[in-house]
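Next come two complexes built around chain A: one with chain B, the other with chain C.
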Partner chain A sequence: MTGTWWGCRGLGVRFGDTVALDEVSLEVAPGTVAAVVGGDGAGKTTLVRALAGTVRPAAGTVRRPDRRRVGYVSAGPGVWTDLTVDENLSFAGRAYGLSADDLEVRVGALLDRTGLVEARDRLAGRLSGGMRQKLALAMAVAHEPELLLLDEPTTGVDPVSRAELWRLLASAAADGAAVVVATTYLDEAERAGTVLVLDRGRALLAGTPEEVLAATPGLVVEGAARPDAIPSWRRGARWRAWSPDGSTPPGTSPVTLDLEDAAIVAQLRQDLGRAA
Partner chain B sequence: MSQRNGSESASEPLAAAVGVTKRFGDLTVVDTVDLAVAAGEVVGLIGANGAGKTTLIRMLLGLLAPSGGRVRLFGEPPSRRTRARLGYVPQSLGLYEDLTVAENLAFSAAAYGSVGATLEGELAEARDVLIRDLPLGLRRRAAFAIALAHHPDLLVLDEPTSGVDPLQRARLWETIRSSAERGAGVLVTTHHLAEATQCDRLVVLAAGRVAAAGTLAEVVGDTTAVEVRTPSWEAAFTALDLARLPVSLVGRTLRVPGADPATVGRLLADAGVDADVASVPASFEETFVVLAA
Partner chain C sequence: MWAMAMKEFRQMRRDRRTLAMMILLPVLLLVVFGYAASFDVDQVKTVVVGPQAQQVADALPARLEVVRVAPGEGRQDAVEALRDADAAVAVVTGEGGQPQVLVDGADLFSARSVVTELRGRPGLPAPEVLFNPGLETSAIMVPGLMGVVLVFVGTIATALGVVRERQSGTLEQLAVMPFRARDVLAGKLLPYLGVAVVDLAVIVAVGVLLFDVPFAGSPLVFALGALLFLFVTVGIGVLISTVSETQGQAIQLAIMTMLPQILLSGLIFPLQAMAAGVRWIGYLLPLTYFVQVARGVMVRGAPFGALVFPLAMLAVLGVVVFGLSVARFRRDLAPSGRRHGRDDAGDAGQDATAPARAGTR
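Let's look at the complex of A and B:
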């Protein structure tokens, strides 16, 4: 990538003898959204924390703007539960050095955008999970950061709140922020400009969703019965399978690949490589 | 399968809610809901928080009495006897963290009076590991294995694959599907809508009522979204967002579920944004957002 970007190159992080991240690169341009995807223990949180500067790299480089130009939402509550919605937003705005006038305008706009106007006097601890995540996101963008880092904002959040959260983070990108969002949901990654799938601290897949799909070797096929001799998995009532040589086994037909298939194929290939 | 009793016919669903209502004081949480799970099928129960899913499931499990309507499990009112034919995996998994995999299995087997359950593959290797020391994927598999050990006729799963990677998710679904193929009925709740599309049928709850039910194709029906292609997505996004439309970004394309293309076109023209606007079939996720609104 040429031009401005925030992110990391060749990033390695260790905790004692444990390698948490190994040779991970992620470059995010202003005005784009990058999704970091993986299961429990894949290294998502470590990557987000390394980008935020709260974890020291053992190798590689991290590029981020000045601390005051970063917005960061950690996993967990991310709000002060004993303060009201209004107080949380004002506190965050002041912490980032907004003037009293700017603060008032900004808090009003954020309440409006997040749909939290009617909840402005409610204690953050009494908000639903989805509303709390929206508040945490609003607090992280109060100072219009250049780099916005979100650690699993949509985990455990219902689909309506999830759609609203993605609208909010897309709006931060529309305002010019480079956005990094960690998630366990691959369908969310299809909305992002860049996808990085992590597995045990390593990059399993990386690129735009189109690049990731195009780079998947062989063919993914689908059938009513489990195909013989090639790696297979369930999709709904049917079976999917990866045909490494691109042939179509009897009783199957090729499918249009999605990111879920691409990630499964990449994991299967990695496991086959490890077994060999 | 466990023993069948005489009160159920072949065509009767394993679990049924018929016109079920639940009121707490003045608040109606579940409002005349119909839901049925037949042998061999996987039904997805989908809804936003507060839509009434948990209350409905608690009534189906016999943990809560309906205010109106009728709940039947295996053709009879929920009871201790029906409980023995149920397998339930809550989102929290319901395992004893300080016991090993094998100890959890033995405990559950004793409670259900089942025998002969065995652990396979990685779970067999982890049989003497404390649950709290297992990675999440294996913990979920242990919960599945334990819930299935007594060969339940009805399996109720709450967010069954939350937090695991795609391959582990596919493996968990292999277990769910083989249970259904052996004749069990499965009821799944999930916030993960891509996962919901793996079910045979869906029941979408909104504000306590059934907003839509049927196969994925039936639920989506002729719901549409407006697709916006433009070189300046940022300006287009801001214009539609300010108009309070439920706009979403997909790569560099914008989508607005349930909107009118003419309205979207006019808003973009007013904002001076050059864009191609088209009406396209909605995804399940977009349909859900429209239904839940």
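Let's look at the complex of A and C:
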């Protein structure tokens, strides 16, 4: 990538003998959103922490702005549950050096944008999961960071709140932030400009959603019954299968590929390659 | 029922710290406190002054361990020796007549044993008890208990406050915010120190007004001792928080640091009555020195010069414990080993390149 970018190149992280990340690269331009996708133990949290500077890289380069220009939402609650919404926002604003006047204006705007005006005097511990995550996000963007890092902000959040959180993320990117979101939901990743799929600490797929889909070989088909001879997986009530040679087995029909299919195919290819 | 018991056994086996506490602590406590739990003072430090000092010193009972014989000194010097805790008993001899025996009432158990020993003994008059004439237990216990209260606030409250951040996951959030470790720590501790100071003022007032505990010395010297002691207790609290994952673990460890302090500091059992090995544990504990300062200032009216040693010991312990706790806390807060100078790099951004060797956390 040319021009300004935040992220990492060839990043490796080890915890003792365990390789948590190996040769991972992610470059995020200002004003764009990158989704880091993967299952449990894939290395998402380690990557976000390495970008935030709380985990030391064993190899590669991390590029991030000054710490005062980074916003971060951890996988935990990310808020002080025994402080009110207002107090949490004020603390975050003051921590990042906002003046009293700027803070008042900014807190008002963030409360409006997150729909937390009515709850501003409520303890954060008494908020619903979705509202708490919105508060955490509002705290992370209070100082209008250049790099916004979020570790699974939508995990355990209802679909409506998820949509609202993504609206807020898009809004932060529109304000110029480079946004990195770790998530387990592949459908969310389709909203991002860049996708990085991690598996056991290595990059499985990387690129724009379109590039990732275009790079998927063969054909994904769907049918009511499980196709024989080719790798298949459940998708809702039906079966999907990957046809490496592009043929359509009897009883199936081609489907429009999405990121979930692409990730599964990439995983299958990796497993087949290992088995071979 | 068996399934439940098996589950508990498995959980207990994995919680090694609790298991060790349950098995080893009672044995350790029994051995240590078995040697510590004694009110019997065999030897009492004694100074003998006045023209007949040597002659009288030779005739004193064995319990009175003569540490100084000063024929050239008088009653005032003897009182100062007691006030400065150089001795617990002073014998003042004159040109003729019976010598006077002065006893430090702030050293309660020594004083009681001496008063009992000398009562009705031919050749010696009834001892005169100074500083705590009624030999009131409250007069010496209340100043020491102030230390215990400060341990509660300083160690337990601080440890819980810091561990709560870790347990709730917000410590990680703080690690990314543009704070230096010392700012986080100072900001975190300031409210606890404030509460401890208020606590201290209330306890002193209650002790003086309700229990008639004297306050004979300088409030400034007392305040200095209390602040140094708080410095150590808060440091222990932070240190505990850095090795505890949960508030339960922090409380366990805090109790393990409090119990020896309460029992081996001279607060309850006199240090002179303890076996040497156990007494030396007492000499490593901050409450030992706070008790000396508090009793010295409040009951005996000891000046700064007489308390330099315990004050210096509190300062040394404070520097060691606090230094250690800050180092560990800094490591907790910035596991990447991030230096502040680098975080202050310009807005153009920064590259953090991995060190040449394979790094670990």
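As a working rule, the second predicted complex is superposed on the first by the 276 of 276 C-alpha atoms of A that agree within 3 Å, B and C clash if a C-alpha of one lies under 4 Å from a C-alpha of the other, contacts with A are read in each partner's own complex, and residues count from 1 in each chain.
Basically, a residue touches a chain if its C-beta (ideal position, glycine included) is under 8 Å from a C-beta of that chain, and two chains touch if they have at least 3 such contacts.
Note that this is a predicted model, so its numbers are computed, not measured.
Visitor: Aligned on chain A, chain B and chain C: do they clash or fit?
Guide: Overlaying the two structures gives chain B and chain C room side by side.
Visitor: Quick one: is A:12 in contact with chain B, with chain C, with both, or with neither? Answer first, second, both or neither.
Guide: A:12 sits against chain C, while chain B stays out of touch.
Visitor: Between chain B and chain C, whom does A:170 touch in the aligned arrangement: first, second, both, or neither?
Guide: The first partner, chain B, only.
Visitor: Kindly classify A:29 by the partners it touches after superposition: chain B alone (first), chain C alone (second), both, or neither?
Guide: neither
Visitor: May I ask for the angle at the C-alpha centre of chain A between those of chain B and chain C, rounded to a multiple of 10 degrees?
Guide: About 100 degrees between chain B and chain C, seen from chain A.
Visitor: May I ask you to decide whether A:83 touches chain B, chain C, both, or neither, giving the answer as first, second, both or neither?
Guide: neither
Visitor: Quick check for you: in the superposed arrangement, does A:156 touch first (chain B), second (chain C), both or neither?
Guide: first
Visitor: For A:257, using the defined touch cut-off, is the partner it touches chain B, chain C, both, or neither? Pick first, second, both or neither.
Guide: Touch partners of A:257: none, neither chain B nor chain C.
Visitor: I'd like to know which partner A:185 touches here: chain B for first, chain C for second, both or neither.
Guide: First partner only.
Visitor: With the two complexes superposed on chain A, say which partner A:208 touches: chain B (first), chain C (second), both, or neither.
Guide: Touch partner of A:208: chain B, not chain C.
Visitor: Going by the touch definition up top, name the partner, chain B or chain C, that contacts more of chain A.
Guide: Touching more residues of chain A than the other partner does is B.
Visitor: How far apart, in Å, are the nearest Cα atoms of chain B and chain C after the overlay?
Guide: In this superposition, no C-alpha atom of chain B lies closer than 6 Å to one of chain C.
Visitor: Need the overlap of the two footprints on chain A, from chain B and from chain C, as residue ranges.
Guide: none
Visitor: Would you tell me which residues of chain B are touching chain A in their complex?
Guide: It comes out as residues 42, 46-50, 135-137, 162-168, 170-171, 173-174, 177, 191-194, 197-200, 233-235, 237-238, 241, 246-252, 285, 288-289, 292.
Visitor: Quick one: which bits of chain A touch chain C in the complex? Just the residue numbers, please.
Guide: Listed in rising order, the residues of chain A that touch chain C are 4, 6, 12, 14-16, 52-70, 72, 74-81, 92, 95-97, 149.
Visitor: Can you list the residues on chain C that touch chain A in the complex?
Guide: Going by the criterion above, the answer is residues 168-170, 172-173, 175-179, 334-338, 343-347, 349-355, 358-361.
Visitor: Quick one: which bits of chain A touch chain B in the complex? Just the residue numbers, please.
Guide: 31, 33, 38-42, 113, 128-130, 155-163, 166-167, 170-171, 173-176, 184-187, 190-193, 199, 208-210, 233-237, 260, 263-264, 267-268
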